[in-house]
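Please go over the structures that come below.
You will see chain A twice below: alongside chain B first, and alongside chain C after that.
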Partner chain A sequence: MKRVYVNEDWCLGCHLCEYYCSFANSGKSDMVKAFNGDKKTTPRIVIEEGDDINFAVQCRHCEEPLCAKGCIAGALTVTNGIVTIDSSRCVGCYTCVLSCPYGCIVTDHEKVVKKCDLCASKSGEPACVKGCPNAAIVFEERG
Partner chain B sequence: MNYLIIGNSSAAIGCVEGIRKIDTTGQITILSDEPYHTYSRPLISYWLEGKVADEKIYYRPEDFYTKNNCNVILGKKAVKIDKSAREVILEDGSAISYDKLLIAAGSRPFVPPMDGLQLVTQKYTFMKYDDAKAVKEVLKPESKVLIIGAGLIGLKAAEGVYKVTKNITVVDLADRILPSILDSEGSSIVQKHLETKGVRFTLNDRVKSFTENTAVLEGGSVLDFDILIIAVGVRPNTEIAGECGIEVSRGIIIDDTCRTSDENIYAAGDCTESLDITTGTQKILALLPNAYIQGEAAGINMAGGSKNYGNAIPMNAIGFFGLHMITAGTYEGETHVIKTDDEYKKLIFKDGLLKGYIMIGEVSRAGIYTSIIREQIPASSVDMEMLVSRPQMMMFGKSRRLEKLGGVNVGN
Partner chain C sequence: MAINYFYPDYEVIRNEKKCIKCKACVRQCANEVHAYDEELDCLVSDDASCVDCQRCVSLCPTRALKIVETDNTFKKNANWPQAMITDAYRQAGTGGVLLSSMGNPQPYPVYWDKMLINASQVTNPSIDPLREPMETQTFLGKKPRTIKFDSEGNIVSETYPNLKLSIPIMFSAMSYGSISKNAHESLARAATELGIYYNTGEGGLHQDFYQYGANTIVQVASGRFGVHKKYLEAGAAIEIKMGQGAKPGIGGHLPGTKVGEDVSRTRMIPRGTDAISPAPHHDIYSIEDLRQLIFSLKEATDYKKPVIVKIAAVHNVAAIASGIARSGADIIAIDGYRGGTGAAPTRIRDNVGIPIELALASVDQRLRDEGIRNDVSVVVGGSVRNAGDIVKAIALGADAVYIGTAALLALGCHLCRSCHGAKCNWGIATQRPDLVKRLNPEIGYKRLVNLLHAWDHEVKEMMGGMGINSIESLRGNRLMLRGIGLTEKELDILGISHAGE
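Moving on, here comes the complex of A and B:
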């Protein structure tokens, strides 16, 4: 299945993917509205920055998704390989935060947790990949 | 193939999902003494609190049994396993035969003998949906609630009743709360947080005797209450296994594949003993992720596949009144502590490995630490400064990142 893969040598650490992710998940139709006001949507992708290396981390859509196996509410499920969350069932217990080996479950001030769904409900490539100016994240089929 | 599962909770559901990965046609029968469609046990406190509605407490959707082609028998207890006839006998005398059996019988509350307990009319344990329903029935804004046990279940019960009454006292024999998951520093942080919400604690003390509405403690104090919740601990349901001659220690003994000492009988979840890789000892790990993972492995193996439950460790994520904590592993060894206003973190190292951690408040990305413990990644192979400062993928060498994030198979 297609996943988002990182090429850390090309990542500029510009954080544009985070903005595109927030926008895509904000439910808003224009970017200005999405970033105005104090209820900004937390991105489901995180940039890690080092001295000379940067890279993006988001859900790997694991073949053995420990987050879903451990979810106490059955809120995380796998459909066609994509691990998604049903926010109406999440109780914010953070067992998935405890379980995810890559730190891809995102927490913020809200009760429910968030995670990348590869923009499954939208068409085309995930928003982060579309928005990356340097092709440091790509959406591909790899082993 | 004819599969029978005793239990209808996390381990049982894991087993169904495991079986169906391999065998899409075999007959699966689920048997439980609880009368409900599979529900999430940890959600009972959220349900009591009103945060989870009746129609959201289920663990899998309504069509789960149909979709997975399961025959479900609810509200009936299995009383005996006949290993040689490969049959399970129910309390009504009927028998169900099996080719492969899973015992996913979980655990039950332990109620120690206490003087005068029989005089208390409104006493409850807090393990089942029915327990939460019974408490809800009698809970009123003016209720005084006494909880015996300052462990995970006792404190979740406190949170569960809090919306209705803030008159809550928790008594525990231990001198601190949550001793099974926290160190003393952590206990005191969480206790203070609960106290600011109005929950009262009487620690280092025990009930000497009860009357209908009072508890007299060894220390001399007398506590009035209307509702008593007993949450001092749980015991694995092993009797049905022990009586048929399967090997049982504190929990049912299983191998890496979740098989018991009988080749056609598997066991998973709270009723078993798991190998804790942080200590190398067999332990009862009464945790939902462990129950699911073991159940799934059992199902795959029962259906002829091959899967180890592997890498089990004690681990917990829990929150009380908005304060989150995540803990894992064991706490003996060299420690690194970070303490600020909104974070308490302790990392424990031994034999060159991260063995455990406690995080309170700031818990984001904790799973990276969990993976280091579970995969036993040597501390020498990661950037220690980064590891200690916060969980991040940057601490690993480039090759692990390439493999995990870049999808490149770099071998070893």
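Moving on, here comes the complex of A and C:
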């Protein structure tokens, strides 16, 4: 299965992936509207910054995801290898937030949690991959 | 406080309606032009530090930014343009020599743009390169005067080492130090994929790049940085740098700040010390001395590699080239006054040297007149900007061209001409690790390959239009060129007729 991988050698820490991710999940047609409107959107990808090193972290789509295992409402499931969330089922208990070892389940002003779905509902590569200016984030099949 | 004589050259224009405060501009500007003001909850900019490299503009996700030239004007004066007045202020303040980077930007005539290319009509049919074979492969080096065969059909005449180029374009010398390791890797990988050559410049060859040796030209310059036996043997050819188009007559100076661990090891000099290339080679004061160095290098590499001698295009270049051809060089590289540099004194860059078009025409003619044209190949650089320039250069007599600036443009350079500041926002002319990583060679080498493939297609299209199917038939074919808006003297030097003739 194709997954998102990050090569920290090329990550500049520009944070643009976060913005492209938020925009892709905002449902807005225009980036300015997505960020300067009333409703704020949250990125599903987060840049970790160090002194000399930066890298983007998002859902690893584990084969046996701890988040899904711990979900009390059955909202998190693995569909075609992608760990997906059914917002209508999420009760906002945040068990998944606590159990994810990568810190990849995010929360915002809404009750339900948010997470990366590899932009499965959209066509082409995930928005973070498309938006990365230095090809530090790639979407590919690896053994 | 002293009076500030300088008004910023550029102004950052931010469309507040479009700005989403992502701060990409803040993070990407090594000159620290942009900043986020928490109190005002908006982005602010310090125009005075902007060099117009366009990095922020290119990365802004909502195109909220643009950089414009300031319209603040000193009182108009045709004799004293604003830039000249500012230069005087700058020197009055510092007492220093002004430094600049990249090629001469002054409005001198560009002869490429004053020449037009021919095309076939009716009598000599044109050729469609997409349907018929078209050859842009070429060989650089000394050619035998006659070819003799034995009874078996084997060549018995003496042959000489040649460089095989799949396209008549090479990447010109840019040292590791002046440009980053990632820029070098991009050039090396692109040259390998394209079947052409890149040039180490005078900074030695990084240990990681010996694997690209078959497509590398190793340079020996006046500072002799990084030159050792393995280095000479690693390359496909050796280039002796006598001069550079951007700064004829002077040497080079890589500031100690750029000499980090890796550069220090590659150049074989102590870390943090200035790398100073003397103006002359201290062992070359005549053509005979040059001949000694050429043959020392040939001896060291078993006469297996062609030796290139690179000179800047200056007055009397034809006589100098004739001397070089007789000194045993296999290839002469001539660098015009618009050639780029990582740093040069402004006055030298802007006032010394001559256009490559005129130098090429006179060198080619002189070598032909003396019957020694086939003893050497001629490579020209110093602002070859597109496929049209290449066709014109070859028709004027060049065997191949060197491109430097155009290659850097493919890597993202925006010609902001601030290389000497060592804070290149595009990761090219810098050694700062956080900036160097902005140039991913995986992207860079593909863009270089794309550029050269595109140019190769265009060269073939233009050759086809002239009814020529081999680059060898275009070489020195000045009948294919016509001048436009040139004087009798200029046409005479270029050896071409005027349009309409």
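One rule holds in what follows: the second predicted complex is superposed on the first by the 142 of 143 C-alpha atoms of A that agree within 3 Å, B and C clash if a C-alpha of one lies under 4 Å from a C-alpha of the other, contacts with A are read in each partner's own complex, and residues count from 1 in each chain.
By definition in this document, a residue touches a chain if its C-beta (ideal position, glycine included) is under 8 Å from a C-beta of that chain, and two chains touch if they have at least 3 such contacts.
Since this is a predicted model, take the numbers as computed values, not measurements.
Trainee: Both complexes share chain A, so when I overlay them there, do chain B and chain C fit or clash?
Mentor: fit
Trainee: Taking the superposition on A as described, I'd like to know which of chain B and chain C A:V32 touches: first, second, both or neither.
Mentor: second
Trainee: Please work out whether A:V78 is in contact with chain B alone, chain C alone, both, or neither, and reply first, second, both or neither.
Mentor: neither
Trainee: Considering only touches as defined above, state whether A:C14 meets chain B (first), chain C (second), both or neither.
Mentor: Only chain C; A:C14 stays clear of chain B.
Trainee: For the three-chain arrangement built by superposition, which of chain B and chain C touches the greater number of chain A residues?
Mentor: With both complexes superposed on chain A, more residues of chain A are touched by B.
Trainee: Touching A:V112, do we find chain B (first), chain C (second), both, or neither?
Mentor: The answer is neither, since A:V112 touches no partner chain.
Trainee: So in the superposed three-chain picture, is A:D52 touching just chain B, just chain C, both, or none of them (first/second/both/neither)?
Mentor: Touch status of A:D52: second partner only.
Trainee: Superposed on chain A, how close does chain B come to chain C by Cα atoms? Whole Å, please.
Mentor: Superposed on chain A, the two chains' closest C-alpha atoms are separated by 17 Å.
Trainee: Which chain A residues contact chain B in one complex and chain C in the other?
Mentor: none
Trainee: Can you tell me which positions in chain B touch chain A when the two form their complex?
Mentor: Interface residues on the chain B side: 14, 40, 42-43, 46, 51-52, 56, 58-61, 288-289, 292-293, 296, 315-319, 324, 326, 328, 363-368, 370-371, 375, 391-394, 398, 401, 404-409.
Trainee: Flag every residue of chain A that touches chain B in the complex, lowest number first.
Mentor: 3, 5-8, 48, 50, 53, 55, 57, 60, 66-67, 69-70, 72-74, 88-89, 91-103, 105-107, 140, 142-143
Trainee: Could you please specify the touching residues of chain C with respect to chain A in the complex?
Mentor: 17-18, 20-24, 27-28, 59, 61-62, 433-434, 437-438, 440, 442-443
Trainee: Chain C touches which residues of chain A in the complex?
Mentor: Listed in rising order, the residues of chain A that touch chain C are 9-10, 12-16, 19-20, 23, 31-32, 34-36, 52, 131, 133-136.
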